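Order of writing sets the labels: A, B, C, D and E. Residues in every chain begin at 1.
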Amino acid sequence: MKKKRHAHSKKTGLPPGTLIHTGDVKTSQVTLTMFRYSAEQIEERTITSLDEIPSESENSILWLNIHGLHDPKIMAEIGLKFKLHPLVLEDILNTEQRPKVDVYDDYLYLVTRFFTYDSREMQINSEQISIILGEHIVLSFQERPTGSFDPLRERLRANKGLLRKSGADVLAYALLDMIVDKYFIMLEQISDDCEKLEDQLLHRPSNVVLQNIHKLKRETMDLRRAVWPLREIINSLVRNEFDFFQESTTLYLRDVYDHSIHFIESLESLRDLLAGMLDIYLSSISNQVNKEVRILTVVTMLFMPATLISGIFGMNFEHMPLLKDYWGFWIALAFMLLVAGGMGLHFWRRQWLSRH
Amino acid sequence: MKKKRHAHSKKTGLPPGTLIHTGDVKTSQVTLTMFRYSAEQIEERTITSLDEIPSESENSILWLNIHGLHDPKIMAEIGLKFKLHPLVLEDILNTEQRPKVDVYDDYLYLVTRFFTYDSREMQINSEQISIILGEHIVLSFQERPTGSFDPLRERLRANKGLLRKSGADVLAYALLDMIVDKYFIMLEQISDDCEKLEDQLLHRPSNVVLQNIHKLKRETMDLRRAVWPLREIINSLVRNEFDFFQESTTLYLRDVYDHSIHFIESLESLRDLLAGMLDIYLSSISNQVNKEVRILTVVTMLFMPATLISGIFGMNFEHMPLLKDYWGFWIALAFMLLVAGGMGLHFWRRQWLSRH
Amino acid sequence: MKKKRHAHSKKTGLPPGTLIHTGDVKTSQVTLTMFRYSAEQIEERTITSLDEIPSESENSILWLNIHGLHDPKIMAEIGLKFKLHPLVLEDILNTEQRPKVDVYDDYLYLVTRFFTYDSREMQINSEQISIILGEHIVLSFQERPTGSFDPLRERLRANKGLLRKSGADVLAYALLDMIVDKYFIMLEQISDDCEKLEDQLLHRPSNVVLQNIHKLKRETMDLRRAVWPLREIINSLVRNEFDFFQESTTLYLRDVYDHSIHFIESLESLRDLLAGMLDIYLSSISNQVNKEVRILTVVTMLFMPATLISGIFGMNFEHMPLLKDYWGFWIALAFMLLVAGGMGLHFWRRQWLSRH
Amino acid sequence: MKKKRHAHSKKTGLPPGTLIHTGDVKTSQVTLTMFRYSAEQIEERTITSLDEIPSESENSILWLNIHGLHDPKIMAEIGLKFKLHPLVLEDILNTEQRPKVDVYDDYLYLVTRFFTYDSREMQINSEQISIILGEHIVLSFQERPTGSFDPLRERLRANKGLLRKSGADVLAYALLDMIVDKYFIMLEQISDDCEKLEDQLLHRPSNVVLQNIHKLKRETMDLRRAVWPLREIINSLVRNEFDFFQESTTLYLRDVYDHSIHFIESLESLRDLLAGMLDIYLSSISNQVNKEVRILTVVTMLFMPATLISGIFGMNFEHMPLLKDYWGFWIALAFMLLVAGGMGLHFWRRQWLSRH
Amino acid sequence: MKKKRHAHSKKTGLPPGTLIHTGDVKTSQVTLTMFRYSAEQIEERTITSLDEIPSESENSILWLNIHGLHDPKIMAEIGLKFKLHPLVLEDILNTEQRPKVDVYDDYLYLVTRFFTYDSREMQINSEQISIILGEHIVLSFQERPTGSFDPLRERLRANKGLLRKSGADVLAYALLDMIVDKYFIMLEQISDDCEKLEDQLLHRPSNVVLQNIHKLKRETMDLRRAVWPLREIINSLVRNEFDFFQESTTLYLRDVYDHSIHFIESLESLRDLLAGMLDIYLSSISNQVNKEVRILTVVTMLFMPATLISGIFGMNFEHMPLLKDYWGFWIALAFMLLVAGGMGLHFWRRQWLSRH
């Protein structure tokens, strides 16, 4: 996971509640999109001034989505307009939060994370998504436009399903559901890379593959740590500890909870796979050493006896057998070949060179 | 375990409650089998239309088993007929669920998994079995006909044991019992493959064996993760948290609970075995390297001195001893043999070549 | 631990409560031994028919011990006589149970295991001992006669200690105490084998030793898993959750509980020891490779320079120094010895060959 | 982490409550700095005698910061003045405490630790900071002046934020917040060193790098153990178990709690990174051995055949082919080159030497 | 830790409450030392008969310390005199207990362990210390005189601190405090040995060092297991579950609790250190192999080409260049040196031989 460890030092020593955007600026412009709907009608608008937002009403649900968090001024205005606690605003801007849920008198504040996988760098990038759920209002804050909520907008416009007929809690659930569903898309991409690595491991093992396996394993562990608290949060919503969700909605949240557990288990399965790949890599190196040594041994055993024989007949004794024989040279040569061939046959029989 | 990780992405962005069958279509036709029984009489029928199902009655138990889940239309009809919550229908069709139990007003919804082991691929395949338990009704949903419940049908027909005399909860228990019992059959198959691998490991260690050990270990871990929640679920049934089981039936459920724990422990024992096999494989490679190097060393030590001696008597000095001697050549040869023989004896005494 | 994984498949598909003995038949005959005692008198009898058993009485304690469980007919009779639940009878016969405690209205049902260690096979065999504790009655079921309870019988006959003066709960405690005490005898045997392995590891490391270490480690882990639930059970008895033990007896049970924890900790200590032995084995192989390579290097360094020198003086140049010199040959030889000696000295100084 | 394990033995056998400063003397002089403030006014003073401290008043908050703890006499006076329990004084002086919170009737006693990282020694030094929170008073004890609280002093003087308007609990929170914020600065330094090690590992792997990785890993684990209880403490403050913090302040403490968890997770991520580096180091050595053996094999295979050929034509047979041929020598030489070249081509094609 | 696993088998089959001393007899004589004190006066006596002990009184505290437990008769007398439960007496004599606390009506029974480290054997020896705390009485049982409580006696005599003015619970606390404090002295000795091993590892790695590391690691783990329950016990005393300690004393016990946690964490830190040393050892062997192979390769590459050249000029062709040249021999020799020197330069440049 991309390290953003300078986020905290930026803020060290400042009083709490100071609005500073920590993290990279991921979009150049702050965009506010408003949906206002009831079962009967729907209004969709991109807003430039907060004054355009109608006051809260019992008859309709207001969903305000904010892309881009780097302008503290607009954030402060939003905080004022919707009476958000300074700490909430600070947490929205501090985009390195762990998933959490904080309950206030009038609203629930949810921090979740959205992950995208960069296959080229084998790196998981993450983005913070904050959701505020009031009685008739849902605010969602994203670091940049990702189009992740587009299917939901489509559903709102088309008035499919129960969404338009239900309260703000169902909208918040739908957002959560969408976020967790996207996790599985990322998981597939990581799994694909895993398979590629496995393939490379078997056919072209190298130190680069090893480093990539380690990298992916670390990313997977970091991801697990980042998603783990989300599981806990959704569970607390299912148990309806905070009373912001209706009983019927918690049934649906239970589904999201199941998905989050499923996701974490898939990550653990992935980690097992990667750990196994490390073992295979290490043993394949040992195997390689074994093979090299075997070749060296075979070569040595083939040539050393022949060299000795040639040395023997190269000695300068006056009285030596065969030397004056017409076929002497060829007999010596044949003897060399015989010894080498015998050894070769021996190896071939024991399948020394093909075994690995 | 076979990866079905595309299941989730299929559904991303759809409203909850949308009935889409995720997973492979495992049978070509949807088959509904109905049992209707009381202590005195029993009726067994394969149904083509839902209208054939008699209305619920206090005097008899209705068991409807459905094979094949890929036709959302029939599923929707069943949902309507038995007043199932849209989420339950969705979960039945989404065949990648973890085991879970959901309680509704009129029925209990149980998701369990059925595992089969493909020895050739060393792969565990799994199939979702959903069970719905009402007051006088049990619905069971399977992805394809497996014949797993045949002994139960036999028992119903033969009116053996207490089954016919008991309520729907005993039937649900019997289904669960049957499912968990089948786990042990799979466990035996895996254990057999484990033993085969152990045998190969000792006699023909190779990278393929290593990969198979890893594969089996991973499958075992995945299986453990998949069965773990079932244990929890049965425990909650034993504690009778949901009031759908009679006190006397929970005594029997306790038995299923014991079996599920036994199964998980057997998996852990298997994992220990496989982990030990990995260690043995790695050490056997190191042993192999050791042996190769030893052979190389012995060969070098046998031939190098002899080669040196032959080299010495091959030098062109005018004044050299032995050269003109009649027995000189044979003395040199004998000396070579002596040195080599002495070394050989030394090795033989230290049992260098036989030790491993 | 000896695998008995076919136990479950034997029963698959049978209705619950079917009495089938799963496991090996370990004794050829079913033997029933009865003790009936009070503080004043004691009666000891081997029984052939259940009718010989006197009816329960408030004034005396009845202890019935059954060896051999393979005759379902006798078991069914016992069940009838003492009004045991069918599931209890089934569990007694199914000798692959994990330790557990089940509470019924009139009695407590305890499953424990008895372990014996087969040093030759390095294998732990286990046997199920079921104990039923009623108000004035204790039933104990063993797979075969082991003589494990003989000291207890002796104590009953001799009227030593408080046993005869106390209730049935004290007898049940005494049985448990005896079982746990025997665990330590087995532990000593395993520890002895461990020490033998450690000895072999240091003096004759081989793949067989490695496999034995792994086997013992696995047995130890399996044993730990098998004893773990017993600890939990005794703890629940100490907390007196079931009201079958008197307050004063729970004090003694606390002692058994301490022993069971002590036993589990000893197993963990043993596992640490065995894991360390694996590490030592692996590193000793690497050390061995290191030593071999060093010898090879030394031999090569001793002979290669000398061989080169002999080769140089074997060249056929017309004008070469020393060749015609009377002492030429000896000077060359001395030079060879000098180089080899210098290298040897160098190695000896760096203690290359003795270091390991 | 620097070992200060002699701290305890210094005190062994002394009665509890004896004031002895354990740990190194880190500053030569004890300095007392007093802040006394309300929303309207602020007074800042360095104090030489405890008499200068005004008595507690409801209208203003008193913050007394003490640098240097090695003078038991002054500490005893402070204890007397603020009615601190002897054990609290002892704990303040015994600077090897784990983080903890102790509640007394009139005040809360918090022990936290401050860490600095010495990059040259790859060592984490730690310093104990004790905080006492009364109703209108905060005492903070540091081993030496670190300037860590300077931004807070600045904020007090400038009357920025809510600090001056709030109670003593907010000041205590601000101190805690400052301490935890500093943790992240240290984390960045460790991460930087980690990256340096990773770089060295890939380009110049050596035993020194290995030892450094191990050292950093150990320091990271020690740090985790040292911070872990702090997390627990802050959590207990958030749950407001002790009633010394106002409801509104606990909202802010929740933030500190999140930071402490974030910090611990970062440490775990770091540990994963370092563990992976160890694996890479070990496998890179194996790779190195593999490469060496391959070079040796290639050299042997290139020269051995040529040497044999030269040996063959060095034999002293009377009848040998080529010897008298004018081109004989060059033919033999060409043959040698051919064999060596063929082998070289073979290796080059299999990319033996470039692969790693 | 020294194995005393025969302790249990000694007692197998005996009725509970049988007084048998298990463990080695560590002192030849049983010594009873009595302290009887109040704030005003103190009486110290070595007792030969139990009759010398005055009856319990509200005005003074009685501390009876017993060295040597091998005389069951005296123990039985003490049991009678102080009305101890038979199980307590049995536990005192059975010196292989885990730390535990048992509460009886009139007294609290504490089992703790005292550890000494034998640096020569790298072995931790342990001794059981039993403490019985009544209302005005403290009994302490030690296996042999260790002088561990001498500072406490000194403090009693000198009437320093609050000890004489407080009740029996403070004396019990003081004993516990003394025991835990001694743990840290042992910890320092182990740490010293650890450092010695680390030193040996870097300068003279050998299999003996490896075995010592393993031994120390195992001892550390055993120690951790032995101290772990003590932590739990002290915690239960702090929570004052048993009502034998006054509220003010539990504050002091909290201190002992902190120390015990600190001790356990130090042990874990030590284990990390030793685990790291194992890794370093294994990698240093691999490094060693690498170095050996490199030397072999270098030697081979230096001498093989020269040997080939000498072989070439040793061939018996009639027409060979240089042979008749006056400088031929020297040119050949120069060529050999050139090749060897070139290789040597190549290695030197790549720092092959110095790198490790």
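Going forward, contacts are C-beta pairs under 8 Å (C-beta built on N, C-alpha and C of every residue); 3 or more make two chains touch, one makes a residue touch a chain.
The structure displayed is predicted, hence computed values, not measured ones.
K.L.:
From chain B, how many touching-chain steps at minimum until you land on chain D?
P.N.:
2
K.L.:
Please identify each chain that touches chain D as well as chain E.
P.N.:
Touching chain D as well as chain E, we find no chain at all.
K.L.:
Can you work out the rotation angle that lays chain C over chain E using Cα coordinates, in steps of 5 degrees?
P.N.:
Nearest-5 rotation angle for the superposition: 70 degrees.
K.L.:
Between chain A and chain B, two touching copies, which fits better, same or different residues at the interface, with half of the numbers shared as the threshold?
P.N.:
Different, since under half the interface numbering is common to both chains.
K.L.:
Where the centres are mean C-alpha positions, what is the separation of chain A from chain D, in Å?
P.N.:
Here chain A and chain D have centroids separated by 27 Å.
K.L.:
Express in whole angstrom the distance between the two chain centres, defined as the mean CA positions of chain B and chain E.
P.N.:
Those two chain centres are 43 Å apart.
K.L.:
What are the residue numbers in chain A that touch two or more other chains?
P.N.:
Where chain A meets two or more other chains at a single residue, that happens at 282, 286, 289, 293, 296, 300, 304, 307, 311, 314-316, 320.
K.L.:
Could you classify the connectivity of these chains, where an edge means two chains touch, as line, ring, star, complete or other?
P.N.:
Its topology is that of a ring.
K.L.:
With touching defined as stated, please give the ring order of all chains, chain A first and chain D second.
P.N.:
Listed round the ring from chain A, with chain D adjacent next, the chains are A, D, E, C, B.
K.L.:
Touching chain B in the complex: which residues of chain A?
P.N.:
Residues 151-152, 155, 160-163, 174, 177-178, 181-182, 184-185, 187-188, 191, 251-252, 254-255, 258-259, 261-262, 265-266, 268-269, 272-273, 276, 279-280, 282-284, 286-287, 289-290, 293-294, 296-297, 300-301, 304-305, 307-308, 311-312, 314-321, 355-356 of chain A touch chain B in their complex.
K.L.:
Under the definition above, what is the set of chain E residues touching chain C in their complex?
P.N.:
Chain E residues touching chain C: 1, 3, 5-6, 8-9, 11-18, 85, 87, 90-91, 96-98, 100, 102, 206-207, 210-211, 214, 217-218, 221-222, 225, 278, 281-282, 285-286, 288-289, 292-293, 295-296, 299-300, 303-304, 306-307, 310-311, 313-316, 320, 322-329, 332-333, 336.
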